[in-house]
Amino acid sequence: MEMIKNRARIEMSSMSENIGFARIAAATFAAQLNFTLAEIEEIKVAVSEAVSNCIIHGYENRPDGTIVLNMTIEDGKLKIEVEDFGVGIEDIEAAMQPSFTTSEERMGLGLVFINSFMNEMEIISTPGEGTLVRMVKIPEKSE
Amino acid sequence: MEMIKNRARIEMSSMSENIGFARIAAATFAAQLNFTLAEIEEIKVAVSEAVSNCIIHGYENRPDGTIVLNMTIEDGKLKIEVEDFGVGIEDIEAAMQPSFTTSEERMGLGLVFINSFMNEMEIISTPGEGTLVRMVKIPEKSE
Amino acid sequence: IGEIRRFIRDDGLVKVSRTLKESASRIRKFKESFIKEEGREPTVQEISQKTGLTPEDIINAMEAVQEPTSLFSPIFE
């Protein structure tokens, strides 16, 4: 619908302070499209979960890693990529399963939430090199 | 005062939609330090003015340029750099003067605001290559 | 310059902290009446058109008044 094409790329430290930062940055960028507040909320949760995963799993809570949040608006769609250069995921299919987690006290629902809140989702990961989560959200009103 | 060191680097298109995006991103990042709401508001104005200048002057309203917003928190200070790769500034000293402007309908107060709202400010520019505005803001409470 | 600073401090900025909450309640009210009339949620841009707030202000206001999202809070660290 919109003819607008816009992009923003954020590189940030793997510090938990940046989860909120990434969430607001994504929400503000997304607001250029015709999303409802509820949809914006879903985008915020998806980005929070993806960035938390980079920090907790990818960098095992080391604060000196880099996380990239890449956002593009094109053809009325919001594309978001969250990338780290940390440990990577051995078995992506297993990681996607509800309640699968590799850390004891966690719920294993982050990737499930992302998958259910976004219209498209894809994970690309190489053990020892890092993980990229790619997601697409389309305003419901435009469909 | 704070021992925290954090950084975020944002690359974005030279589109006016990104002025608000940059302002909120800077405010959210700054909120990690002990700033008052009034100080956060000053940071937002400074970043808006710097990013507007990149779009209006640096890229003469072409939307295909890149603006970099680089933010660092170190030793309790917020450092912000706003950079474009556009036309550059011939005479920086002149540009800094209140009400100096090269475009008719403008007020020529952007750089004056930045200078008054931030604790430190520096401009580095090469005609034909681009402009970097570097600023530092220190929470008043910590001084 | 001191003038500008004082103006914004004494006048503009007290407003800011107040308006964040005021904006949020305006947004909520508009949203409720919109849902009643249209049978669906308004988009941020529709809220922006009707309230005169920028999309950034809307996001900011909603963030400022957000209760901890209880459903998801266990997974946020």
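Note that the chains take the letters A, B and C in the order they are written out, and that residue 1 is the start of every chain.
The rule we apply is simple: a residue touches a chain if its C-beta (ideal position, glycine included) is under 8 Å from a C-beta of that chain, and two chains touch if they have at least 3 such contacts.
None of these values were measured; they are calculated from a predicted model.
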| item | value |
| --- | --- |
| Chain contact graph, described as a line, ring, star, complete graph or other shape | complete |
| B-C or A-C - the one linked by more C-beta pairs in contact | A-C |
| Length of the line joining the C-alpha centres of chain A and chain B, rounded to whole Å | 27 |
| Separation of mean Cα positions, chain C and chain B [Å, integer] | 24 |
| Per-residue multi-chain contacts in chain C, two or more chains | 55-56, 59-60 |
| Sequence positions of chain A contacting 2 or more other chains | 24, 28, 32 |
| Complex contacts: residues of chain B adjacent to chain A | 4-13, 15, 17-18, 20-21, 24-25, 28-29, 32 |
| Contact footprint of chain B on chain C as seen in their complex | 1-2, 4-5, 8-9, 12-13, 16-17, 54-56, 59-60 |
| Chain A residues touching chain C - in the complex, by the definition given at the top | 16, 19, 24, 27-28, 31-32, 34-38, 40, 45, 48-49, 52, 56, 106-107, 109-110, 113, 139, 141 |
| Chain C-facing residues of chain B, complex | 20-21, 23-24, 27, 37-38, 41-42, 45, 112-113, 115-117 |
| Of all residues in chain C, those that touch chain A in their complex | 27, 31, 40-47, 55-56, 58-60, 62-63, 69, 72, 74-77 |
